[in-house]
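Here you go, one structure.
Which chain is which? They are A, B, C and D, in the order written, and residues in each are numbered from 1.
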Amino acid sequence: MDDIEVEAVAEADLTDPVFIEGLPGVGNVGKLAVEHLLEEFEEATLVRRIYADVFPPQVSLDDGVAELTHAEVHAVETPGDGPDLLLLTGDHQAQSNEGHYHLTDAFLDVAEEFGAERLFALGGVPTGELVDEPSVLGGVTDESMRETLEDAGVEFREDEPAGGIVGVSGLLLGLGGRRGFEAACLMGETSGYLVDPQSAQAVIEVLQDLLEFSVDFEALEDRAEEMKEVAAKIQEMQQQQQQNLPSDDDLRYIG
Amino acid sequence: MDDIEVEAVAEADLTDPVFIEGLPGVGNVGKLAVEHLLEEFEEATLVRRIYADVFPPQVSLDDGVAELTHAEVHAVETPGDGPDLLLLTGDHQAQSNEGHYHLTDAFLDVAEEFGAERLFALGGVPTGELVDEPSVLGGVTDESMRETLEDAGVEFREDEPAGGIVGVSGLLLGLGGRRGFEAACLMGETSGYLVDPQSAQAVIEVLQDLLEFSVDFEALEDRAEEMKEVAAKIQEMQQQQQQNLPSDDDLRYIG
Amino acid sequence: MDDIEVEAVAEADLTDPVFIEGLPGVGNVGKLAVEHLLEEFEEATLVRRIYADVFPPQVSLDDGVAELTHAEVHAVETPGDGPDLLLLTGDHQAQSNEGHYHLTDAFLDVAEEFGAERLFALGGVPTGELVDEPSVLGGVTDESMRETLEDAGVEFREDEPAGGIVGVSGLLLGLGGRRGFEAACLMGETSGYLVDPQSAQAVIEVLQDLLEFSVDFEALEDRAEEMKEVAAKIQEMQQQQQQNLPSDDDLRYIG
Amino acid sequence: MDDIEVEAVAEADLTDPVFIEGLPGVGNVGKLAVEHLLEEFEEATLVRRIYADVFPPQVSLDDGVAELTHAEVHAVETPGDGPDLLLLTGDHQAQSNEGHYHLTDAFLDVAEEFGAERLFALGGVPTGELVDEPSVLGGVTDESMRETLEDAGVEFREDEPAGGIVGVSGLLLGLGGRRGFEAACLMGETSGYLVDPQSAQAVIEVLQDLLEFSVDFEALEDRAEEMKEVAAKIQEMQQQQQQNLPSDDDLRYIG
């Protein structure tokens, strides 16, 4: 196998497609969002598999049948007036520093091959606390893109996220911008502690507005409901633990 | 030295050989199984040594004579009606993520060179507790292979092993399947804490059935007996420690 | 993207330019120094951006606009009689052992391209305690350079810094010397615990003397003042903690 | 710079030279031994410097003059009847798994270039306790070499050292043997806790016998004496600490 191998599974004739990435990351927001789109656009076609020696040396088993770790690109011909979509997802980020660069370049090759000129990298931005109504923060390759995104509800905050954007999402903007793509990162606010379907929904809602498509959210809302129950239980347990701890008053006489 | 070097030690004229891998791993099940086959098929011929810079930078000493870390492939012309065998074993897995991919590709080259079209990757699957009668779990490159394996006693469980199959065993299926090999992984249940000859025997018994050969198990059974004694002593020590700990009753009045 | 990519942003016609490096390091002394020079020489021109897959896979955001991690070289035509300057800075060192070598080679290519024959690598040397009047220690590629530097106040101490000079600064001397550059490292003493603008100033003062330019230090002095207040607060907190600890006298009866 | 660069500093016309390696390792035995030989054979000529991007990215300073990390090969025309010597030493092992392989290959290239057909890799073998009269253990590329070494006092013990020989010393045998060199590893017993000049002397004494040269040991003996004092002080401190611990009797009533 070459270091990176792009397998052509099928072809698709797309009109002005937009490339959307959702690999694992904070709160799994990006991956949840792209997987939800794949479920809702039932006619999505798997067009490319990307194998790479910077993915973990691993197969997953589906009913005992092994599948080598890879990323996948699906093509979606959207029903409305909006552009067609190329949806990238997978189970892993690259396992090395250099790997992130080379893998992102391969993803951009696929985007280019299908004629995509616009990219969206989806992800989460950790807030450190549970978020009731997650905002969606943005990053862009060109200042001219900000206004359209702001109109769709995306917020641009000074120095946020603090460390910039890392991994494939960051490099899709960094390398993509240098290769002439118009790329944006949409980051849903999320606690950073739990998988966050609600944040994924917030990100998709922005995409809906920007790309003129419309999907149902019932599945995501159900999962968000489940996660809220999980979060409530965790909070309850934490409060009980705190009640069992000595209060500040109790500690007053110590040291 | 090249990054990977395959040394041709001898040739062998094999009929429809099956390639069987047993490198170190959980419970050393795969390595024990292949080493047992090598001991029982006394006429095994060492045909290839595989050296690689992703193996540890190390020589082992045999009576003071140094041997560079490598993997070995032996050819076995089986006496019965079953296919001939190519047995791969060694003391190490690759030391890097990419190394697993490149090493596995080199192993597949050897399999191809000798005309093998079928592969078995042998290993263990950790259960976290001592296992009396280890089952053998399976993974395959193609669904059509399941029935034959199930008839030989292999179990296919949904979502097991949970993390898929990692290392060279996983990639023999992942990369092997992509190169057209019919590959299966046979994983003996094992505690994960101890070297497990009994699990190795269970795996070989499946192979015997599938490949129509027959070997003696006395050596493995002796080693399994020894390991059972070791396990019993460990359990005894753990029980003594637990008796010295305060019981739940004792703890009732605390915090 | 290639492993390392040098982007030509602009050209500059420089007279006998001197290449000065200030990447992140101990006390951020080198980076602070070069950034201060860039602020004071207002007419600095960005001439090269250096991208590399050994930088972190990351973009920073400036008002929401993404910028791929890179190092930058600015050209400065100095007003006085001194040589022109090429100023290298950036937010990151290489992330791998080999990366430091390859990145430094790329920096030396840029220096060569602009006709630089002399290099200064700026950095800090950790003393482990707060320093009132930081000395500047030196390292050179050729003994003949020592006298000039000593005349400018640089100290050469036997076996200091103890571990030699690591990272890009070290390799600019190590690889630069082998390529025929006359290279020196100027290391301002610094505690090693805090960002140190005062040490950066000490380093620039040496450069001023050597390269016959003159810059204002108000901005650095203001930042140094702030850092002194931070240091004073930390010392105060430490003293309070120590008062709460048992004294040696109290401990006399123990053990 | 290439990944590995061999700089020809001088040439030497040697008769049947023997290549001897002493890089840092357990007890620094190998490095001490080769450095002692370099001091005693005053007419040693530096013939090759080996630079590599798998060495740390670092320069050392000698009176302020920077020297890029490298390994060195000196040629020694011995006065007696014995063979001439090529002495390899340096401050570092490779920093990566693959690096050990590639670096060793480069060292073997140098040995070959000078016509060496025999190699000695010098090192220490850790015993875990202070050793009064260190034995020298051996490893060889070919069984035929054992008798000569045994006659010179080298011991070959079954399964010792337990983990084989790692790093460049191991690979000089592993890769060297494959390239047709007659290579041996001489490992002086050493505690593993301290730099061990006495063990280095034991190793050199074997070499003296094998290669018919003779050196003075005063410098090594002086250093060994110093290290014995250091070891004695450490033992004294440990004994005092033990006396301050509660005895088993004191503990009898606890738990």
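Everything below uses one rule, namely that a contact is a pair of C-beta atoms (placed from the backbone, for glycine too) under 8 Å apart; a residue touches a chain by one contact, two chains touch by 3 or more.
According to UniProt, the chain labels map to these proteins: A, B, C, D = Proteasome assembly chaperone family protein.
Because the structure is predicted, anything quoted here is derived from the model rather than measured.
Contacts with subunit A and subunit C are shared by no chain at all. Put simply, the C-alpha centre of subunit A and that of subunit D have 53 angstrom between them. Remark: subunit C and subunit D have CA centroids separated by 37 Å (rounded to whole angstrom). Annotation for subunit D: no residues touch 2 or more other chains. Chain pairs that touch one another: A-B, A-C, B-D, C-D.
By the touch criterion stated above, subunit B contacts subunit D in their complex at residues 1, 3, 51, 53-54, 56-61, 63-69, 95-96, 244. In the complex of the two chains, the subunit D residues touching subunit B come out as 94, 97-98, 100-102, 104-105, 138-143, 146, 156, 158-161, 163-168, 170-171, 173-175, 177-178, 183, 185, 255.
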